[in-house]
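In the two assemblies presented below, chain A is common to both, partnered first by chain B and then by chain C.
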Partner chain A sequence: MNATTPIQNSIAEQPLSPWQLFWRRLKQRRIAMVGGVILILLYLVALFAGFVAPYSYDRQDRDRFFHPPTWPRLSGFRLVIPRYEQLPGDFNYRAVPADTRPVHWFVRGDEYKLFGLIPATIHLFGTGDERYPVYLLGTDQFGRDVLSRLLSGSQISLSIGIIGILLSFTLGMIIGGISGYFSGWTDTLIMRLCELIMSIPALYLIISLRATFPPGMSSAQLYAMIIIILSFIGWASMARVIRGMTLSLREQQFVLAARALGQTHLKVIVRHILPNTFSYVIVAATLSVPYYILGEVVLSFLGVGIQEPNASWGNMLTAAQNTEYLRNYPWLLAPGAAIFITVLAFNFLGDGLRDAADTKAL
Partner chain B sequence: MNLLEIKNLKMDFGSGADALRAVDGVSLTIGTGETVCLVGESGCGKTVTALSIGKLVPTPPANSVGGEIRLNGRDVLKMSNAELRSIRGGVVSYVFQEPGASLNPVFRVGNQIKESLKLHKPEKATNEEVIRLLKLVGIPAPESRIKNYPFEMSGGMQQRVMIAMALASEPKLLVADEPTTALDVTIQAQILELLSELKQRLGMAILLITHNLGIVGDMADRVAVMYAGQIVELSPAKELLRRPLHPYTRALMASVPKLHGDADRLSAIPGNVPRIGNFPPGCRFAPRCPIAKPECSAQIPELVEVEAGRFVRCPFWK
Partner chain C sequence: MWSYLIKRLLHLVPLLLGVSLLTFLLMSLAPGNYFTALLQNPQISPETVDRLKAQFHLDQPWYVQYFYWLKNVLSGNFGYSMAYHIPATALIFQRLWNTFLLSFFALIIAWGVAIPLGIWAAVKKDTWVDRGCSFFAFVGLSVPDVLLSLLALWFAAATGWFPVGGAQSPLYDFQSPAQQFWDRAHHLILPAVVLAASDLAGIMRRMRSCLLDTLRAEYVTAARARGLSEGWVVYKHALRNAINPLLTIFGYSLAALLSGAFIVENIMAWPGLGRLTMEAFFAKDSYLVVDCVVMATALLVMGNFVADLLLAWSDPRIRLK
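Up next is the complex of A and B:
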């Protein structure tokens, strides 16, 4: 046994990187981890929405408007769905217990496009029989499956949060970095612009910005429009914070050292100053995603966002704004529950990230 | 032709009536492979002079109002931004006082050295070259050290990394702005030894800024003593240490504590350094000078060559 071995080992052993330390602290916060796991599940389901949903988001069942949720029962060793018959009166349905069909996995059904590209017809579950539909969350006023619409809408609502954050935070970081780094009149100009945007109430700004876009846009254009509007409003507050952090970071000697090596101003900002703000930015981004999701909800709820028959959590809630509907068909509130869970999960994760990023708290 | 020729450099902070002149008519030359020490108290303009060589003083608030800085024969003050970027790091590299603050805390040191290589020697921006540089500055086990973050290193190691970064592009001139002030004495000695060894091996010139006269004797070929924005004495190092001519230099030497002899009170220069913008008329050292005469306050004395290679800004040096 060589006597020098232990010493060599201790040199070769890498100490934990800041990210590893961060991850270790995050793992200790259970609520944050729960939030994170919920979000991962939500995004996974959204990714495979067409496959998980039993029906197409725009498929109308004209025999079953406002159908209550139908839950499969266990009969022997398999799940079965009973047939429902319509009773006289307004949308009253009753299960026929003896008349059931088994629920199958991977059944052929409505056509959809996986990831928006690959045409497919296989769905995760279903009965494969139109007379025995599986409506886990009931149907809406047009006889469309609420669960299928919820999943289809999650693709829009969840991705708007992420893309909106990416866009507005990238803008906010670069603009705020430039503002703080150069200071002087550049700074004054940018900061007054930020204040202008922030001083107008967000809702009026959203609606007036919406008015600048032509009516009758396709759903893809509407989607892009919502992101642009929300990001246009969102970058300002980010830019202000980043500008403040840049003001102190640019006085650090490593900035002078980078300049002394011949680095350009832009690269000093992007490569040396902005990475030092990441621990704040990641936390702020996680905590801000809900505002973008809610922003889409507000726009669609007001009828200026995603248009029928395309589903989003916001325009699904529009159907639930009538008290009579709410009293009689409470399952229409399902998108509200989805929003609640998502926003809560993001806040849990964001809080945990903030605690983990704050090394002084330990 | 000298590598660096600073002629009558004048730097203001602010403009118009409020302008404060931090550097007032500094002239200095550095030859290829020469080590020049710039000595003086805090706030006397050493750092501003040094940063001016790479035109790194932020403008505004600073403002160069006169003089020229010829690096390799070309005036730095008249260069375009692109030219400036190529000489920064390429011809003149910097090592600063606080090694911990000079490294970006969120990147591994290997990547930071590589960035320096990418800027000036893109074809050599490899891990092997980074490891070679770290070996050159005497960091043990460089293969594993390149993955370290700056906070995982000691101050001396951080300063070695900074020196490796500065050397990456094989500059002609290394400006070391108080490179050892933040380090303890043994590490200080190691870093200085490293600098003189590298200088011998790579043949680069060094402009060493310090307020520690002890360093001067070990390192410098020539010494420039600055006081209140002006050079008051410029002289070969050995002769300056043996026989300082300017009364300020003499007073500085007298205030270095002696190792031998009775431990009396530390001797200090009476009075304070005048504030920039509030300089006395005439010789700026006159109010604190033991040999001042009334005519000292009449006009600023010229920097005159009184012996071969020795310049003094005092007519009464004898």
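Up next is the complex of A and C:
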């Protein structure tokens, strides 16, 4: 060893920043990483939903209502789709094993808009033949492909969770910060309002709020409405916690220093106090996204959210409420499984984030 | 103790007033009312509609309507359901009772299963019991009420062991009291279990972590050092302290339960407040919606009140404050 090594070592081993420590602890939690990877995949697929889906969400196949899921089989080195023939009786289908068509990649099909902007017709997979449809999750009561609707619905259900959280948590942080910082009658007023909102069982409040919107809204308006309703309810619990944290933070010296340097109240709250609550907020946000997704699902399920023919995970499940359908065509429950996987992934990730943010644990 | 009780009860009055005022405001913002649809009906003259509107004070501004409504409610009259054509009081209380029954039994099932499971998982920490419970809790937390209710419907329809929806069979009125009791219980089981299942996982996880925290305390080590048996240490020393923080989540669990009941009622056709709210919503029966929301809130705050009482009873420090 020559004499320079220890010096280089001391340069190389800088102390880790809080975020690096956080990341290191998070990486040790395998289940949180699994949740994170599942979520990244889900959101990627939702982003390219039109391309991944073999059909358009509103394309009706009038010859094939309640078509069972078709599973491609391996024939040599190719995936093939068998033709299904209809048997006498109610929506009875049987695969014809000998009569197959190969699955092609990047085939032309229904038109869709990539990212809602770019018109395109290329789909990831398909047979390119009307008589050999690829219905991986079957079709619904109108002969629409369940998988394509599931993917189209994921764009709505998954994005509502994220946008709703961003809106309501920003609101909750600012209101909670103001409430805790100024105290006095501002604080009393805001906290009473929070108590009021939180003491009404959530779904009853959601329905009363829903009543204030006019009927006959466009799908974009309905989408915005759901986010507004869910955020109106969600900010209260966040504001309460942030207020509690602000109450103790504002007594600290750095706040006094910032004030002494002549910064405005708003700047002190937004720039100095609120950043100290970020680690809590990120964990709480991850664990709260499922509630927003479920809020949309319930509204659409009850028929007051996203309307047909647009697909959402909630309004797709409405068909499954019919026990006759449910018994004979169980693939209508596919959106339920999608909701379950999404919520489970958020819970896995949120739980890991909470453990990683808890510095006392290590 | 009594002054604490009275203070808590007085606190509820402005809360319920605020909730009713807020709901009334929201309902007044709603476009159209029950009579807008009646106007389309050629068999009813506009004069009749105006007369009916005046009778229900719907021609007045919303705050005037609110005071009429409040005056009636304080004398025990919840108004007249425009959609059902019957006095709302009987309707509301019948539905409230159904929701209460459903939530109460779900609560008993959820806490009755979650507490022992949580204790078991904490005592057997890091064994397959603990891992099994925590896996089960993750799944339980992630299954949406909607999916669980639909699966229960499917189960009822496929096996025929349980009735598919409803609170009583069509022949209920012709049955003997014993049969009626069994009929009601038979209809109640499946919705209550579904509702309990969604609440169970959170309580169990909380119980486990509370007990683990307490087991780490020094007085527990001291009790062990004195040579007390493990069962005595856990059940006599640790558990009583671990239960306290759990009572504070009772309120949250109740709020989740009432929202869950809303979904279960609507999917499994249980005639409770949640189902009535949706029916009143679609019929634009705005007074009935307000009644439902206020009643559901009252149920929730009364539940929280009971939780506070339990907490004060189990922890003298809170009583003295």
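As a convention for this text, the second predicted complex is superposed on the first by the 349 of 362 C-alpha atoms of A that agree within 3 Å, B and C clash if a C-alpha of one lies under 4 Å from a C-alpha of the other, contacts with A are read in each partner's own complex, and residues count from 1 in each chain.
The definition used in the following text is that contacts are C-beta pairs under 8 Å (C-beta built on N, C-alpha and C of every residue); 3 or more make two chains touch, one makes a residue touch a chain.
Small disclaimer: the values here were computed from a predicted structure and weren't measured.
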| item | value |
| --- | --- |
| Combined model on chain A where chain B meets chain C, clash or fit | fit |
| Partner chain in contact with A:348 - chain B first, chain C second, else both or neither | second |
| Touching partner for A:17 - first (chain B), second (chain C), both, neither | first |
| Which of chain B and chain C A:261 touches, first, second, both or neither | first |
| Touching partner for A:252 - first (chain B), second (chain C), both, neither | first |
| Contacts of A:272 with chain B and chain C, given as first, second, both or neither | first |
| Touched partner set for A:204, first chain B, second chain C, both or neither | second |
| Superposed model, chain A: greater residue contact from chain B or chain C | C |
| Chain C versus chain B - closest C-alpha approach in the superposed model, Å | 24 |
| Chain B-facing residues of chain A, complex | 11-12, 14-15, 17-18, 184, 252-254, 256-264, 271-272, 275-276, 278 |
| Complex contacts: residues of chain C adjacent to chain A | 15, 18-19, 22-23, 26-27, 29-31, 138-139, 141-147, 150-151, 153-154, 156-158, 164, 255, 258-259, 262-263, 266-267, 273-274, 277-278, 281, 286, 289-290, 292-293, 296-297, 300-301, 304 |
| Complex contact set, residues of chain A against chain C | 192, 195-196, 198-205, 207-215, 290, 294, 297-298, 301-302, 304, 314, 317, 320-321, 323, 326-327, 330, 333, 336-337, 339-340, 343-344, 347-348, 351 |
| Chain B residues touching chain A - in the complex, by the definition given at the top | 54, 56, 60, 84-90, 93-94, 96-98, 101-107, 115-116, 119-120, 140-141, 144, 147-149, 152, 162, 165 |
